[in-house]
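Letters A, B, C, D and E mark the chains as written, and numbering starts fresh at 1 in each.
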Amino acid sequence: MILQQYANPARFNRLADRLMPYLAWPAGLLMAAGLYFGLFDSPPDYQQGETVRIMYIHVPSAIMAEGIFVLMAVASAVGLIWRHPLAHLSAQAAAPVGAGFTFLCLFTGSLWGKPMWGTWWVWDARLTSVLILFFLYLGYIALKDAFDDPARGEKAAAILALVGSVNVPIIKFSVDWWNTLHQPPSLGVTKVAIHSSILLPLLLMAAAFGFYFGAILLIRMKALMLARRARGMAMAQAAGRPAAGQEARG
Amino acid sequence: MNGFARIVRRELGLALRQAGDSVVIVLFFVLAAVLFPFGIGPEPNILSRMAAGTVWVTALLAAMLSFERLFVPDYEDGSLEQLALAPIPLEFTVLAKATAHWLTTGLPLMAAAPVIAVMFGMPEHGYGALMASMALGTPVLSLIGTVGAALTLGARRGGVLLALLVLPLVIPVLIFGAASIEAAIGGLAVAPHLLLMGGMLLAALVLCPWAAAASLRQALE
Amino acid sequence: MNGFARIVRRELGLALRQAGDSVVIVLFFVLAAVLFPFGIGPEPNILSRMAAGTVWVTALLAAMLSFERLFVPDYEDGSLEQLALAPIPLEFTVLAKATAHWLTTGLPLMAAAPVIAVMFGMPEHGYGALMASMALGTPVLSLIGTVGAALTLGARRGGVLLALLVLPLVIPVLIFGAASIEAAIGGLAVAPHLLLMGGMLLAALVLCPWAAAASLRQALE
Amino acid sequence: MRFFGEALSCVRGERLVFSGLDFSVEPGDALVLTGRNGSGKTSMLRVMAGLSRCAEGTVGWEDGTIRDDPERHCARTAYAGHLDAVKPVLTVRENALGWAQLNGGDEASAMAALEIFGLSDLADMPARYLSAGQRHRLSLARLPARPATLWLMDEPTVALDADSVVALNRAIAAHRDSGGMAVIATNVSLDIEDARRLDMTAGAGA
Amino acid sequence: MRFFGEALSCVRGERLVFSGLDFSVEPGDALVLTGRNGSGKTSMLRVMAGLSRCAEGTVGWEDGTIRDDPERHCARTAYAGHLDAVKPVLTVRENALGWAQLNGGDEASAMAALEIFGLSDLADMPARYLSAGQRHRLSLARLPARPATLWLMDEPTVALDADSVVALNRAIAAHRDSGGMAVIATNVSLDIEDARRLDMTAGAGA
């Protein structure tokens, strides 16, 4: 149990290092391709003009923002039920990234809103629910750091992630709640309502973001793991006791 | 008398000794609402337009303040340990706490809501929906509050953090609560909104005690 | 380095360790503001009409929540006793606390205010007055907050009771703060409002530390 | 029925506090946890109470571990920790009665417990007015006030005056005579006859 | 310089706790307050510290009472009460240093104080990880960490293990040898050589 809970990170590191190239390279290449098609090889929209290109950042980041929170909720559930430390760790590693994507979505969105709707911000259901999602991310991060005992913060944050995940469907269906300015989903499983010249870069960018997230997640997890380990050993040293991790290995 | 009832009675007894507390919450409710005319200026049309929303928002904020005392005192003086060690499932204990909290905070807020509505000059035919939505919404607040309170137990800056966590979760209540009143004023159907709120209440009844109990256990580890 | 500076540094050091805390306050500020469009509905014209008032009211509520952590932790872990027994007049200690509180809460609130203003679509020429009134008003909040926090120290349901004591005291700040912005938007003279707020700041600087120190002594008896 | 733990190890704040500790308490036994500050006495008690779970090992009764049936364990166990769980607004009696009833005690047993710790003449005083020692005695009175096989006490003598310490020892003896068990974490030497000792320092970090 | 009180009486919560008590402490003296729970030891200490004022009587130094010049009294007096005044987020060193500097001590004296109570090897550990006794030792370390003639201690031995109690006694002895004074409220018998005793029970409610 101790072994599992405080396993030394070596094995995970090895796995991460092996995976890294398969994530980093595709991320870079897809990004490049997506940007090329998006910026040069796709037509400006007949009514939105060049601003339509914002979409190639906006939509993928929106999708990531929602997806990452779901992932965090799942990871937290795993962590709480099977008490596997890597689960909590991954959720914590993902949170800031997800918050970043959410911010990107909000930012590009309002950049887009100025020309399209003539205002940076409208209290549209979808916009606001994304804003809420952003707050949930920040709440998660704040809660994780709010405790003197890191272990406690980790579990509390995990529960919050579970509870908060109810918001994600709200974002999805929010479009039906109020009179909404915002685009209805045109990217459905069944129908595709966009021209392929727009769809291609959109998909490329979405994929690029996905791989990018994977790579960053691994890096952050490694960092967090090392940080935790350093803390544990420093404290053990201070108290003249062996660190739990060492203990487990010995 | 079973454990659930005992805990509810204990809570009510304590609240009774500290009757000031509920009063204070209500006063805050009213006072916060009173601030708006100051900030916005007294145009009646705008105020009455804002009535429904303001009542709900300020009710939310008042509730927010009350949540912090839900577990913190028991946590600090060790009562919470004892409650957790009592031969009663912690989930029931939480439910009892939520019940007591609603009786001592939700009900008074409900009672005070019409007063504010009057101050803001809300149209007559909104009151029915106001009370109905309050009756359905305040218990949800109490329940979600227990989760937030349990999560932030022992955290630094407990109060604000709690608000930060709970507000996003209670926004649906706010939306449909206010919407139902607007609907009533606008002469539209109120039932669908209220039904949705009823659904939330059921969901909260199932999920919140579980989540709160789980995080209480974490807090006591 | 004299005692005053030492205490300010101590407070800032603690706040730094808990950097999250100031962030949380700001988040609550924004979140509370965000509630209103939910309740009142998204009509831009009404919202922009409300902007000035809402910014000030929510800033007030956010500050309110932050006051509770002003003395309570020190009171509960005995630090307050030690501060009272340090060879520094308690008045200075209070002033130092207020300063630190403003640096860690007032400033961040100021920084966040424009964001909310934007979201509510406040007219451009209001921003100058917004920042000016915030710059003058938030220190007053911190100072009055110390009094409220000291008064309710050890009182149950501290948070709400505190809000209740402080709200009436800070209403003038709110009124003139909002008024100055309205004036700026309406193209009227802003100076008189700001001058009045400056006066309040001076009065608070003189009176609050003294009152707070007195009630702290009571609390420690 | 025996209460025992096997191969217990405990991690606090990502640090191993103790490991590989066993203990066993028979009816009528008293187990005294000793060891220097930070050796894990409190942690061990909380594990026994079921408040915190240990990283390794099992704690339980002959008819099942704590996790198997928490309810039953709670019904059998009374815990008096560092914190007093005393409500200042309630009177001494109300404080005692409330906890007793919640755990299957009644008015009679509660008043008897107050008597044991010499609090009956303060029974109607608001607990707000109690001194440190009086308050701690009130929290100790929770144990005899309810039916429980296992008593867990953390530093029970803190702030107690001489008479109260005697009363405490008598209470523990009486409990053991009636087939109860007691586990006591303490830094001061208590004269409890034929008590088993568990030196936490032994398991420390080992 | 002498520190003394005359005809002191104290009322807590509308109840007369003690009355007509005198005390006097010479440089190098130690005064031990004894008496059963609720006899007013803590109340007396807080009066001496200047935290609470007594209903009757005066407390002070030869060159003036506490009220005459609170600053001066504070500069001369170090108080360690029931509460620890330890910030969990700060390290042990930061905790000690902060209080020392605020009261005219410095890095050196602070570290020396930690050494006395065997905390130097925990110096860089966040205080949140301290056990009950370790934390209490940290709060006791405030006294030697700063210049002060008069030490006021409320139940200093609470939660301390044997070694720490020895260290405490040594610290008090050293302080007295250097002309300091110590007033100690305690329920357990401390072996402090030639200490004056003040039995609070004498003045109780009288």
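Just so it is clear, a residue touches a chain if its C-beta (ideal position, glycine included) is under 8 Å from a C-beta of that chain, and two chains touch if they have at least 3 such contacts.
Computed from a prediction, not measured in an experiment: that's the story for all the values here.
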Interchain contact steps from chain C to chain D (minimum; 1 if touching): 2
Touching both chain D and chain E (chains): A
Chain pair bearing the highest count of C-beta contacts: B-C
Rounded Å distance between chain C and chain E, as computed from the means of their C-alpha atoms: 37
Centroid spacing, where centroids are CA-atom means, of chain A and chain B in whole angstrom: 31
Rounded Å distance between chain A and chain D, as computed from the means of their C-alpha atoms: 47
Chain A residues counted as touching two or more neighbouring chains: 132, 135, 138-139, 142, 146, 148-149, 151, 235, 239
Per-residue multi-chain contacts in chain E, two or more chains: 82, 89, 128-129
Set of chain B residues in contact with two or more other chains: 18, 76, 156-157, 161, 164, 167-168, 171, 175, 221
Interchain pairs in contact, sorted by label: A-B, A-C, A-D, A-E, B-C, B-D, C-E, D-E
Contacting residues of chain A [partner chain B, same complex]: 80, 132, 135-136, 138-139, 142-143, 146-148, 151-153, 155-156, 159-160, 162-164, 166-167, 170, 177
Touch list for chain E against partner chain A, complex: 88-89, 121-126, 128-129
Touching residues on chain C, where the partner in the complex is chain B: 18, 20-21, 24-25, 27-28, 31-32, 35-36, 38-41, 46, 49-50, 52-54, 56-57, 60-62, 65-66, 68-69, 76, 156-157, 159-161, 163-164, 167-168, 171, 174-175, 178, 182
Contact footprint of chain A on chain D as seen in their complex: 9, 11, 13-16, 19, 38, 55-56, 204-205
Contact set on chain B toward chain A in their complex: 147, 151-152, 154-157, 161, 164-165, 167-169, 171-172, 175, 207, 211, 214-215, 218-219, 221
